[in-house]
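We just call them A, B and C in the order they show up, numbering each chain from 1.
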Amino acid sequence: MDQLIEKKMEDLREDEFLINMGPQHPSTHGVLRLMLKMDGEFVRDLTPYVGYLHRSIEKIAENRTYNQFTPFTDRIDYCASMPSNQAWAVAVEKLAGIEVPERAEYLRVIMTELNRIASHLIYLGVMSLDLGAVTPFLYTFREREKVLDLFEMTCGQRLTYNYIRIGGVSRDIPSQFGKYCFEFTKDFRKKLDDYEAILTENPIFLGRTKGVGVLPLDIAKNYGASGPTIRGSNYAWDIRKAEPYSVYGKLNFEIPTGKNGDTWDRYIVRMEEMRQSCNLIDEALGGIPQSDVIKTKLPVVLKPPKGEVFSRIEAPRGEMGYYIVSNGDKKPYRVKIRTASYGNLQVLAPISVGWKIADLVAIFGSLDVILPEVDR
Amino acid sequence: MTKEEITERLQDKFGSSIEVAETNQPEPYIYVAPERYHELCQFLYRDPELDFDFLFQLGGVHYPDERSALGRTAPAPPEADAGRFEVVLCLSSHEKIHCMVVKVKLDKDNPEVVTTSDIWQAANWYEREAMELFGIKFTGHPDPRPLLLYDDWEYGFPMRRGWTGPDFIPMPEK
Amino acid sequence: MLEFDKLLLSIYTALSAWFVSNGIPVIWLDLAVMAFAAAAVLGVLLLAALFLVWWERKISAHIQDRLGPMRTGPHGLLQTLIDALKLIQKEDIVPASADKKIYFWAPVLAFVAAYMAYIVIPFGKGLIARDLNVGILYIIAITTFTVISLLMAGWGSNNKYALLGGMRSAAQVISYEVPLTISVLGAVMLAGTMSMNGIVEAQGPYFWKWYWLPQILGFGIYFIAATAEVNRTPFDLPEAEQELVAGFNVEYSGMKFAMFFLAEFVNMFTVSAIATTLFLGGWQPPIPGLVFIPSWVWFLGKTLFLVFILMWFRWTYPRLRVDQLMGFAWKFLLPLSFVNLFLTGLGVYLFK
């Protein structure tokens, strides 16, 4: 690392300087170090240093059975634990050819969409906190408490659920879940309108985010950006619609897109996605089949056939997927985890060059990167 | 395009340099020789029918002495069991909505292959990770610094099978 | 009823008579009175700072749907005192490579500048430490001192972040002083005098005749410029935690940090007090019938109302970027304040 800094310092012109947005910083979402070459207020070059949260989850996976690995997947992206669980379950089910009962699929959809709302609420709170409006942070966390109450009612946990297991889900929803959930979605739509009233048309917010950090579509695709980041650039790409998994093929929802690919568009996309998630939850809860089976009967120690599999789902931040190599043993031979923030973070360098440091904070907030996902 | 169509198109163009792996997955799994790896990737990226514009992930796999987990269309020569590295690319196309997996077999003692970060910029970080965790060299990579491990890491390549580090305690076999 | 002016005047005349009768020159009495006034103003200032910190925490808490300090004293009233005691106990960490003299004097200067403006503020009828006949000019001159203290803090800390923060705040404060001064001139033209007490009395006892109505544009400009002067959101980029880790006061800890912090709140009170004096009729009640409520109660009420609005801004709006902030001052507020000045001059010429 020092060689890179030395090399950069040699190329510095007289009016430029190197500054570190160090690993500990109130603004970066996780532990990320950014080395900026600044010319006054303008960012001329940006180098991210990641790896502060590397927990070698891929190596751990080689020493755990398939079922033992499920709690680890929660911690890859702890803000969106349910989709992380689901990605693992979908990959192993694809490898071993396991059918999931329909009630379990509906429950998976409900939980994943609730978690999508929770994750986007974190995004909303942290984004407005970065821009200086402290109050929406408190409001979004208040809404998030209701979602976490729903999760606690179901599986006992508030943050890392270990709920979506291979072959189904671990527990059925209690009887009062439906009532609370419908109340929540009804109330939440009104609250979303309130948050939009504070931020969306606010001239200061618009001034900070409109036109800032435009992400051209070809850069997004080439650098591996996915999820709301690429949807903000006017491209309706969503794995739930393109390669439907679970029961998304049967449910009605739309994919919101932005027009210009700037920070404001990514914000609008996520707000609209929260509304679409509410619709999905209502529809799934209304149409859930009554059944007792929520998990396929599987051997206690699962031994999938020899082979390789690659599967992906739409997590709140983008495309998340696994590449698993199995040699017939009870433990996977190799697990390669592909997370959404890995691609999204690479986009930061090209699009933030030439903007000011205050804009860098806004752009980085809009990419919604979670560092544990990047480092695994 | 379906699995058969993709396979056919690639075999038309590359003939014997690629092998198709037998698998019951809906995506084609293609092995390519290291010499034609970059050319294949260029073709996959540029061809209007295939149009693989999204590199989903690029990873390394280490087989110290085991056969590949997939069956192969041609009988394996005995040297294949001497162990190898593999670089696996999972590609997908936004417009055509199909995916495929490209695999390259590399030499066990000196794994080296050309970089694809000039085709897909996403490969940049994936290759850095493979370089530091497996020791696979990607020639022509613009920025071969370690990504995840810290600066003074001197304990080898952790993701290789059979690696032990100073404080590494293996799981007890049950 | 509870007006202090007659009481103070009678005490002064009695004491001066006693001094003369005992052959001591009256100058000692005058000096003693000045010292007493300065101490009284300091007392008011510290009390105001303590109260405002508590009030900010309560207001921010209630806006954010929570309670704020509740345990130290009834409803957390003693919170600020306890925090100040805690800060006094903290170790005074001085960065090794800091410029010691500048580093030390920056917070002192900030506090002193904040304090000096209080000498000419009329807290009530006859309750003004010194009614200078160039009162408002004196205040404008004094508030410029804060710029020096910001630059000193930024430079003396020997830290890139602090320097960036200090320079940004200096640029911001200087830019917003121009529309502030010009908008104040409107009220001065209407009153015909620069003395603060004179401006209050020139506004008359009826609230529709106070200067907020004829000077509505000037009041708006003044208030916005004042928000920027005291570095409050939406103009608080110099202290933005998210970007520059608290800006110019990043290297300060303990009592020195407390000085900057208190100076900010004291400045908030000052600009609100000036707005009250210039535009809202100072210590006068809205209609003469309500004169039984003491004048200082009216003054405090109006000032605290304006402080409340300042605090409300902070917890509602995101912050402006530095170039947007400067563009707003120079390209929007300044021309507008000139328009206001022109219209006021025209009005004074036509209607007087």
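What we mean here is this: contacts are C-beta pairs under 8 Å (C-beta built on N, C-alpha and C of every residue); 3 or more make two chains touch, one makes a residue touch a chain.
The structure displayed is predicted, hence computed values, not measured ones.
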| item | value |
| --- | --- |
| Chain-level touch network, classified as line, ring, star, complete or other | line |
| Between the pairs A-C and A-B, the one where more C-beta pairs touch | A-B |
| Inter-centroid spacing, chain C versus chain B (mean Cα positions, whole Å) | 66 |
| Inter-chain centre distance, chain A versus chain C - centres from mean C-alpha coordinates, in Å | 46 |
| For chain A paired with chain B, centre-to-centre distance based on mean C-alpha positions, whole Å | 26 |
| Chain A partner contacts - residues on chain B that touch it in the complex | 23-25, 27, 29, 53-57, 59, 61-62, 66, 69-70, 88, 90, 94, 97, 99, 101, 120-122, 124-125, 145-151, 158-159, 161, 170-171 |
| Touching residues (chain side chain A, partner chain B) in the complex | 1-2, 4, 50-51, 54, 56, 58-59, 62-64, 94, 219, 221-224, 235, 237, 242-243, 306-310, 312, 319, 321, 323, 325-328, 333-334, 336, 338, 342-343, 346, 375 |
| Chain A partner contacts - residues on chain C that touch it in the complex | 60, 63-66, 160, 233-234, 236-237, 240-245, 315-324 |
| Complex contact set, residues of chain A against chain C | 17, 19, 25-27, 41, 128-135, 138-139, 142, 198-199, 202, 204-205, 207-208, 356-359, 361 |
